[in-house]
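Okay, got some structures for you below.
One chain, subunit A, links the two complexes that follow: it is found with subunit B in the first and with subunit C in the second.
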Partner chain A sequence: MDRRQLHPYTRLLLLVSGIIGTAWSQAPLPIAGFEMILLVILAVNSGIRLIVIFLMIVLLPMMVMLTVFHLFVHSLNGPVFIAQMLTVLKLTVYTTLIQIALIIPLQYVHFTFRKWGFRKDSLLILVSSYFVWMDVVKRSERILLARFSQGYIEKRTFMAKLRQIPFLLVPLIIGIMRTAAERSQSWDEKGLVERLETVRFSPVRGMNAYNCIIVLLAISWLVYNGVLLINRH
Partner chain B sequence: MNGSGIFVGEIPSNYVSGLATTVKDEILLHDKYPAGEASQAIKQLLSDIGFGQHDDKNPFELSGGEQAMLAIACGLLAVPEKLSIDTTLEQLHRKWRDPLIRLFNEQALEKTDILIADNRVGEYGGSGHLPFTDHFQPQSGGDGVGPGFRDLHFAYRQLGWKPARKLSLNHISFSYTRNRPVIKDCSFSFQAGHIYHLTGENGAGKSTLAKVLSGLYKPSSGELLLDGLKEDFYRYPGNVLGYNFQSPDDQLFSASVRKELMQARAVKRPGFAALFDYIVELFGLQDLLDQHPADLPFTMRKRISIASTLINEREWYVFDEPTLGQDDLNTIALRDLMLYLAQQGKGIILICHSEDFIRKFDNIVRLTLIHGNLVI
Partner chain C sequence: MQTAPTKNTSRTYLRMAFIPLAVGINLGISALVQILKLPVFLDSIGTIITALLFGWRSGAIVGVLSFAISSVTVFPPAIYFSGTQICIAIYVQIVGGFGGFKNVFRTFVSGIGLAIVAALVSAPVIYFLFGGITGNGISIFTLYLQAHGFSKGASVITSGITAEMIDKVAQCLITLFILKSIPASLLKNFYSDRLKKNNL
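Right, the complex of A and B next:
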């Protein structure tokens, strides 16, 4: 059992409290601080690599675009910039919250969605939507191997692999859809929709220090912003 | 009990639920009555054949035979009224297949009627495990593999026929994950003009070794030699050895049979049209050229995959379970084709669980993979 795993209720509480608390907040600095804490949680849950990717692909381009845009239009100290900065920060926090809530290790996907109250077809659709990625990865490898084995790619280089992407996409999508149709028929035959509701895969233990800290954080963030909101009015 | 039956088809990976991360969870998901007699009997069988060692593996990372076993076991664990097994048993080594077939006949599975659609069923019945079988002999309606092979040599010569060079493994090892080698320090020389039968239990690493030889996987250590000279098969995959995958669905990805065959590297060379026409006629594909391979039956897809391997002229060919789903007429034609290629100086490596098919060859060199070691 991984002690750093988030219990489904912890995930849900953090997501809901985080979104509401952030929506109520009007101060960039606390939001930035909250985002930093969220990034630490994301790093603990999913590894530092994901954080780096997130910073490089989402956060940094957003900041750069905003700054460049602003340099053309307004002065850096203007109130418009602050408002824009607030919006960007809030969007970033929402993105991070959604990532924390929905990046679930595959072995806990079933347990998490069942705890969130999903049943029958909706549970099956959610679980299978996570597992389809496994199929995508395996199938892409197979298509590439097939092309290599037939000698379509004379020399294995990075560029040669890159050139295969257009050839990969169509059979990949068609293959996944065909397999999905075949697999769903098999689920139906085996009664897996009902089985998925009752089977007990690996559970996540909720009552540990890590989960308690995050629950406290979520509640504190909500209460703090709630009090500020009441004071503002 | 489910009202309808369960079908387990030719591509076992399609019958893995795709909803579990480990084999243990996959079994748990299908195990409808864990305390039931059927469930106990199946789990005992899996334990007896040593399948328990795969409990923590991802079902998608199992070998083709292991996936076949898992798919059948899961089908049985769901306790349907009917279980149809189409060409899946052919993919099992007899050490797994025979106890499984014995289990079909036991009291524990009496609630499930089992239908086996399989061209090798006579082979299993011959060992006396299917005394209960109502054996249907379907009417022969299939097209055998077409004309003789004289023209294949001619067609290849137009492209510059290359006889095979000696292919040697020099202390080859391979592992998917660290410290768990599948192939261990194998050394062997494959001589041109011979047919080799690479055998071993399911999951022994036969297909993995074939993929290393084809340059699809990079060996963890060791080297591959051609006529004694080191050759980088991984950097130039599919140059020397053509690999016909066990599952045609791992090989056929074009939108039509024609496009699949036209993807050959030699497509722009002058003699290619003659080779194309010949291969199409040889495998009886004339009326199927504009069809999507996925819309065709498995047996036909398997034949198309062999055709697409052969249309790329290579020194060596690996055929991984070429008889899957093929009737007697086609298996004899396949044997003749392999013998012909070997006589003409090509090298053939055959991976096949059908002992009947192997017995059709007079001279075949048997190599067995046991715990990652190649035993002659």
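Right, the complex of A and C next:
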């Protein structure tokens, strides 16, 4: 049992409160502070390495691009610039919140979606979708290997593989349809949907200090911005 | 005690088995496009195929799920455009019901319609959430239009339609090519009225 894992209800509460609270906020500094806290939560949940990747490849380029474009449109016109920066900051917060909500360790995927109210076929579809990426990558690699062994790809370079995309799609989708037909028969015979309702899964304990702190943070953010919104009006 | 599977049960399980795999199609292709920085999206082929095979609800599930998973893997802003995927699925069901994918010409026209629908549905998200600018190549065209007197809303819609035109037409044509390439013996497992109306 990992005490650093967020309980599904905590994830949901943080996502909803975070989005609403941020939407209500009109001050860049508190939003920036909230974003810093979210990055810490993301680092605790997913590890420092993922945070660095997320920052360098996703968040920073997105912020820089949006900032540059907004600067280009509005130059450094004070109030308009602050309004556009607010837009960029809010987008950053929403993106981080979604990352926190949806980056779920594979062993907790089933537990999380069940707690979020998904049952039977919707649960089966969601859990399968989380694992499908690896399936598709393996299939693509098998098709590329087959084409390479038959001499259709001369060199194992990136561009050579890229040129295989049109030839990859049809066998990939045919393979997927065959697998879907076989799996559906197997699942039907085994009564998989009913079995999912009774299977034991890895639970995440919600009553620990970490989850309580996150819940307090989410509620505080919502209440703080709600009070400011009421005072503004 | 297990009962013998009925036709409806089998089709339900077929849909449940196909949807995650169709999500994988969307994810795989859009990941490649993101890595290569191509000027298209190609992120709805799985959605279109699923909508033709199983209807708009299944297509919408594929679209929303693939964008949600894409937002935590390759393209974080993807999830904001989940509504566009739902509309794509609905449009494909309607157009497919009228034989919109029967031949190349009809598919081309359907692609143009899809581009307009996708651009119109995405425009409010870009306008209100992103302030009119998403930071990708299309934004340059949006800025150009604004600089030449277009309002922000008109710029967003016009640049969106322009960008989506190539992308959505390509996706519809690729879908037609893929479905025509699938052996009839395999496709009969996925029989639907829409396939019949499109000579597939």
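Following the convention adopted for this analysis, the second predicted complex is superposed on the first by the 175 of 233 C-alpha atoms of A that agree within 3 Å, B and C clash if a C-alpha of one lies under 4 Å from a C-alpha of the other, contacts with A are read in each partner's own complex, and residues count from 1 in each chain.
To be clear about the criterion, contacts are C-beta pairs under 8 Å (C-beta built on N, C-alpha and C of every residue); 3 or more make two chains touch, one makes a residue touch a chain.
Worth saying up front: this structure is predicted, and the values here are computed from it rather than measured.
Enquirer: Identify the partner contact of A:Arg195: answer first if only subunit B is touched, second if only subunit C is, both if each is, neither if none is.
Expert: first
Enquirer: Based on the superposed arrangement, let me know which partner A:Ser149 touches: subunit B (first), subunit C (second), both, or neither?
Expert: Only subunit B; A:Ser149 stays clear of subunit C.
Enquirer: Tell me the contact category for A:Ile213 with respect to subunit B and subunit C: first, second, both or neither.
Expert: neither
Enquirer: Could you look at A:Ile53 and tell me whether it touches subunit B, subunit C, both or neither (first, second, both, neither)?
Expert: Neither partner.
Enquirer: Looking at A:Val223 after the superposition, I want to know if it touches subunit B, subunit C, both of them or none. Which is it: first, second, both, neither?
Expert: Neither subunit B nor subunit C is touched by A:Val223.
Enquirer: Determine, under the contact definition given at the top, whether A:Leu106 touches first (subunit B), second (subunit C), both, or neither.
Expert: first
Enquirer: Thinking of the overlay built on chain A, is A:Ile165 touched by subunit B (first), by subunit C (second), by both, or by neither?
Expert: second
Enquirer: Quick check for you: in the superposed arrangement, does A:Ile176 touch first (subunit B), second (subunit C), both or neither?
Expert: second
Enquirer: By the touch definition at the top of the document, which applies to A:Ser140: first (subunit B), second (subunit C), both, or neither?
Expert: second
Enquirer: Can you pull the subunit A residues that subunit B and subunit C both touch?
Expert: In subunit A, positions 124, 128, 131-132, 135, 170, 174, 178-179, 183, 187, 189, 191-192 sit in both the subunit B and subunit C interfaces.
Enquirer: Hey, which residues of subunit C end up touching subunit A in the complex?
Expert: 2, 5, 9-10, 12-25, 27-29, 32, 36, 45, 49, 61, 65-66, 68-69, 71-73, 76-77, 79-80, 129-136, 139, 143, 146, 174, 177-178, 181-183, 186-187, 189-190
Enquirer: Applying the document's contact rule, which stretches of subunit A touch subunit C when the two form their complex?
Expert: It is residues 58-59, 62, 65-66, 69-70, 72-73, 84, 87, 91, 94-95, 98-99, 102-103, 121, 124-126, 128-133, 135-137, 140, 162, 165, 169-170, 172-174, 176-181, 183-185, 187-189, 191-193 of subunit A that touch subunit C.
Enquirer: Any idea which subunit A residues touch subunit B in the complex?
Expert: Within the complex, subunit A contacts subunit B at residues 106-107, 110, 124, 127-128, 131-132, 134-135, 138, 142-143, 145-156, 167, 170-171, 174-175, 178-179, 182-183, 186-187, 189-192, 195-196, 199-202.
Enquirer: In the complex, go through subunit B and note every residue touching subunit A.
Expert: Spelled out, the residues of subunit B in touch with subunit A are 2, 4-7, 9, 14-15, 17-22, 25, 28-30, 32, 58, 60, 74-75, 78, 80, 211, 214-216, 234-239, 242-243, 245, 249-255, 263-265, 294, 308-309, 312, 314.
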